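Once you've had a glance at the structure underneath, I'll fire off some questions.
Note that the chains are named A, B, C, D and E in the order they appear, and that numbering of residues resets to 1 at the start of each chain.
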Amino acid sequence: MLINCVAYQNGKRLGDIPVEDISDYVVRPECFVWVALSDPTQEEMDQMSEEFHLHPLAVEDAHQGHQRPKIEEYDDSLFVVLHTLEWASEEAGAALQGGEVDIFVGTNYILSVRHRTHKGFANIRARAEREPELLRHGSGYVLYALMDTIVDRYFPILDGVESELEQIEERIFGSSTARSNIESLYGLKQKLMVLKHAIEPMMEVTSKLFGGRVPLVCSGIQEYFRDVYDHLHRIHTTTEGIRDMVTTAIQVNLGLISISENEVTKKLAAWAAIIAVPTMVAGIYGMNFKHMPELDWVYGYPVSIAVMVAIDIWLYLRFRKARWL
Amino acid sequence: MLINCVAYQNGKRLGDIPVEDISDYVVRPECFVWVALSDPTQEEMDQMSEEFHLHPLAVEDAHQGHQRPKIEEYDDSLFVVLHTLEWASEEAGAALQGGEVDIFVGTNYILSVRHRTHKGFANIRARAEREPELLRHGSGYVLYALMDTIVDRYFPILDGVESELEQIEERIFGSSTARSNIESLYGLKQKLMVLKHAIEPMMEVTSKLFGGRVPLVCSGIQEYFRDVYDHLHRIHTTTEGIRDMVTTAIQVNLGLISISENEVTKKLAAWAAIIAVPTMVAGIYGMNFKHMPELDWVYGYPVSIAVMVAIDIWLYLRFRKARWL
Amino acid sequence: MLINCVAYQNGKRLGDIPVEDISDYVVRPECFVWVALSDPTQEEMDQMSEEFHLHPLAVEDAHQGHQRPKIEEYDDSLFVVLHTLEWASEEAGAALQGGEVDIFVGTNYILSVRHRTHKGFANIRARAEREPELLRHGSGYVLYALMDTIVDRYFPILDGVESELEQIEERIFGSSTARSNIESLYGLKQKLMVLKHAIEPMMEVTSKLFGGRVPLVCSGIQEYFRDVYDHLHRIHTTTEGIRDMVTTAIQVNLGLISISENEVTKKLAAWAAIIAVPTMVAGIYGMNFKHMPELDWVYGYPVSIAVMVAIDIWLYLRFRKARWL
Amino acid sequence: MLINCVAYQNGKRLGDIPVEDISDYVVRPECFVWVALSDPTQEEMDQMSEEFHLHPLAVEDAHQGHQRPKIEEYDDSLFVVLHTLEWASEEAGAALQGGEVDIFVGTNYILSVRHRTHKGFANIRARAEREPELLRHGSGYVLYALMDTIVDRYFPILDGVESELEQIEERIFGSSTARSNIESLYGLKQKLMVLKHAIEPMMEVTSKLFGGRVPLVCSGIQEYFRDVYDHLHRIHTTTEGIRDMVTTAIQVNLGLISISENEVTKKLAAWAAIIAVPTMVAGIYGMNFKHMPELDWVYGYPVSIAVMVAIDIWLYLRFRKARWL
Amino acid sequence: MLINCVAYQNGKRLGDIPVEDISDYVVRPECFVWVALSDPTQEEMDQMSEEFHLHPLAVEDAHQGHQRPKIEEYDDSLFVVLHTLEWASEEAGAALQGGEVDIFVGTNYILSVRHRTHKGFANIRARAEREPELLRHGSGYVLYALMDTIVDRYFPILDGVESELEQIEERIFGSSTARSNIESLYGLKQKLMVLKHAIEPMMEVTSKLFGGRVPLVCSGIQEYFRDVYDHLHRIHTTTEGIRDMVTTAIQVNLGLISISENEVTKKLAAWAAIIAVPTMVAGIYGMNFKHMPELDWVYGYPVSIAVMVAIDIWLYLRFRKARWL
């Protein structure tokens, strides 16, 4: 689906242009064309390929989607694949849903193709058009703006994951050592895996856009890409930290389960003793020996009961002191 | 066993040729010869070695099989070893069975030798012959087509492994914490090991065919090899992710076993208490003291039974509330 | 908030200067200006940006705070971000609280902006002013003095963490295998994560200031930065060591919990036996058979009690010997 | 102990020569001398050192033994240390015993010194003498032949270790979860450590003999050393794989032990219930209340017994269904 | 404390010289001065600094001690920090105590400053003086002799640690699965950490003294430093191996604890059954039903006892067979 197809001159919007005219604008050196597609059909991709003279391998990748984040140079143009992440639903602990943005960048055009994403990039275009002095940098700057926005959208994801860990930690060290904690930790680990598999190749991609030899369209605004890289690095470090804590939390949870079992065993043992001792005493006085002097004694029964109670109180206090009860 | 032996000129099939004529076609610069062998005998290998002037160390490797994936340059020709993986049977959870494809590539010949593989590469030849404009690139393009097919055949394996993990996850967090889960996870780990040992050296092999100095036969189609590398990288990342989740799943399963034992212990303790208390009470009234006023009371028996039942109901409700039952 | 704004000439203090005059002093080659801000407002940052001609991306970073430690070169000037760590409160086992110091360094100015830190750097200025022969090195030396102080403030943090581990170790191998040990170890792991995330990028930063090509303002005093790096390296090695021991301690604690459960089970089993045996014997003599010769025997009762006691003493000694009791 | 001392000319054996004549043959450019020692005395080493003009540090290393695998260049000559591994005895699960082969290689001599090895290298010499066209390559080829043989002798070791793991796996997933499995896994881990410590430095050694700048004596036969390296790489990959599986097996075994304990606890609980319920019922009818109508009923006894049996059968079936029994 | 201050000429001892004359000897090219200090005072360090013209940063480091192993070049002179390890006491399992040796090396002087070490280096000086042909190499050779001795003193430490692991292994697989094993393994891990933190930076230090560009004072005797590096590498590999086995041993010990608990549970269950069955039977015949024919039967009592004993013998044999007892 075609979202936008706009031509710009010296950082100012010339206006929407029909797709067939793209090739006319692309050849004018002071112009650049910015096209946005969303889940395109084969026909749309073919038309774009023709207008922009895109490389067939890149077009095939962009049409199929499901590429890993990467950057490829085809002569003067770049083909960039980025991953997006969105919560599948609004509720807490929801699953992560991955999308993909494929970007073709030439000296005077930029074509973004997004797949399976919910949020669009209309606000980027709006903001860029309000800052013509930056937009004058051309397609490289638009690439930066897209990457910056995609990366910044990772931060709320990261915050969600972080606060999920905090909630699980509270539950772990709180009352429950339940089955659900383990399940949550496992789910968190899966989300972190998704994050990691999105972030790491994107760092690799971004690192090729500043420092050393950079593609032509990105020269002059390297510091902006370094800034994107810094954000990615921060996300990556935090992700790794959470991963490490999740691993520790799983181990720690295991330990607490053992402790809790230990406590149950102790309680069980203590109550078993408290019940077994009177049972034993009662058993003894239930014996049918002819000659058992206590049995004939008037106070035999109350005294035996008193002894049982006394032993039990003593046991109870001892177990209490030893923190078995 | 000789599968095919065909000569091509300018991307078009000239026709099957007898093995003895190979050396005549190889010297014609505009031709190239594409030979496919399967589990060859010593005689076949010797004949090929003679016709193509192959290096004896490479021929020995190709005849023995059981090499690790590698790429070796002998002057202008390449010797490439790739691993294939197939399910040993159709049923779910079947074992993986490894095969090997050894490829000799020269400027105008390509010889593929496959060992212990079920599926052949006839469809590659068919497709290549339908696209003479690509086949015109010569032996390098055929090498690409072979590698691309071999790598693409890993994806269903990967999907199988992924869905196996998902099934085990469901079982783990479902009802059963059985012995079979652990066994399945162990088996999965073994399969992932096989995948890893096939993928990693193949990535190393492929990375030598694009970027920087590449062998002569691959120059001009580097972007195709980069595409194969990208697929391998995607498989590798997914494999590593599954490996990590399997490790976590084993740990998590351990935790769930402990929790389940905990629950059994609690249930055991609760029922023990419910049975032990009436036993104790009954024991007390089974004592043979002469002077036990309750014993002579008409309602002694029903009241004692009522007390027992009352205590047990109270215990049951308490344990229920504490989720021990 | 502006803390200080002082001009220096040849290592000697010229005196406080108003912010508006900064640009006049900065152009004088023999002078340098040292400004310190703390949690600055937007206006203060804008003013500084204007006076010192700072790069807009760096100014934005410094105003927002929450950057990871990094070093960036903008032409002749440096932008350095460092992290500080302070205990949130005085009591033992308190949480760590991270702050940030952003430093702009030019040939003849240095501007430090600190965020969320409690302790200032007034003592650095005082010491530097007492050593004019060192201060003569200019802004590079001040950068060194700031970094050295920030890094040296990590050592008491490290000592605190180390002694916390030692206390936990004592508790682990001492009497208690309690829930609190695990919680402390988890908390310690979190602190080490914070330390690691502060130290590692700072090592990367510092390593760019000595050896090989270094920024202009740091040339001539590279050995000082190598010294800072050495301190960071020492902190890093110790942190890694503690991390490793914490992981081991968690495992070891788990083992001790199991041992302790084992001991409880043994104790439970031993006492159960000691109680159950007399109960069984009593049960036998509680049977109502008509013909039980022992029942009529005068010494039946005392002998049976004696047998019970004897068996229990024997059991007690055996369990004692087997260290079950 | 001197094993052999033979001079060769153009790949053909000239015959055994006395040790004192070595220096005469070494100076003749078309000759080369191949000496083999086993656990030499100080005198033998000194004599060799003198005849071949060996470097004193290398001689000291070779005499002492107990070096790690390494390669050192002294001017035109090489000093290579390799490790051998042999089973200490023929029986399954035997310990590994490490030996050492120190090799001095010059342009026209090769001296091998083996320590603590059982198997010699006589078959290498025999084979080399049967292939004079290869032996013509000189001392470099003999070095290759020695390394190739030493490396190939690792394969049966590896097979032994692999089949040992398979046997343990069978036992783990079979009936026994015994103490002996853990002990075997620990022993296997130790053997893998020995293998790893032998293989890894040998890979480093071999990698210096092909590709890039290679020592003079190895030039021209680099492809042979690459072949040795490939074998080592295969052994290394397999070893790492087994190591990984052993770690997993230890964890899995732990899980199975927990499951087995779980099963025991369930069985214990089930039987305890089956015994406790009749005991409770019997206790109730053992009470001495005067007014217990059932006691006087003629069918009281058989009915009570029937109730007990009925409850127990019901319990038994329930536990059976729940797989506790 | 000054230990020695001696001047040498052409490898021969000239004799002890007063500290004030050092600067006179240092300027004479054919001489070199070798000074040894132990835990020096500030005054001693200042005097040395003046006589040898040492760099103030290095002097400060050497006086404070507590540096990590490192090597620093100051123009033509080197500053080397090495760590020593000694057993805190003679008894087995004693703690490790770290010391430090700081060495200043110039073209014709060497100054060693040792901190917190028990053993001195007098024997190095004695041996060096007996070998004037080696001592002629000058200060570089003395540096080698010091490093060689310090590294060689690690071997007995390593042997001690290795034999400690072996003892623990024996105890683990022997009878006891006690608390003390875990504590010993934890202590061993701590010692290995100390070893690792001493060895790894020392390898880095040593690797800068051979191969590639080396400091002037070490040129010509690079092979000796490579030898020291080899020893360090061997220690490092062994240490890593032991570390790995300790981790495995902790896990294995955990497994054995679980097995042992399993066995206790089984024993407990078996004996509980053996006691509970007669109790139940006795309970049944303790019921007070009027009509219980067995009770009136003369052989009722002995037969019931016989039945109890028979059941118990059968149970005992069954448990024995199932290895629960």
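A few points about this structure:
Note that in this section a residue touches a chain if its C-beta (ideal position, glycine included) is under 8 Å from a C-beta of that chain, and two chains touch if they have at least 3 such contacts.
These figures come from a predicted structure and were not determined experimentally.
With contact taken as defined at the outset, chain C and chain D are each touched by E. Counted as hops between touching chains, the shortest connection from chain A to chain C is 1. Centroids of chain B and chain C (each the mean of its C-alpha atoms) stand 41 Å apart.
A straight line joining the Cα centres of chain C and chain E is 26 Å long. Across the assembly, chain A contributes residues 251, 254, 258, 261, 265, 268, 272, 276, 279, 283, 286-288, 292 that each touch 2 or more other chains.
From chain C, proceeding by way of chain E and on round the ring, the chains are encountered as C, E, D, B, A.
The part of chain B that touches chain A in the complex is made up of residues 169, 173, 223-224, 226-227, 230, 233-234, 237, 241, 244-245, 248-249, 251-252, 254-256, 258-259, 261-262, 265-266, 268-269, 272-273, 276-277, 279-280, 283-284, 286-292. Listing the residues of chain E that touch chain C in their complex gives 55, 57, 67-68, 70, 72, 74, 177-179, 182-183, 185-186, 189-190, 193, 197, 201, 247, 250-251, 253-254, 257-258, 260-261, 264-265, 267-268, 271-272, 275-276, 278-279, 282-283, 285-288, 292, 294-301, 304-305, 308.
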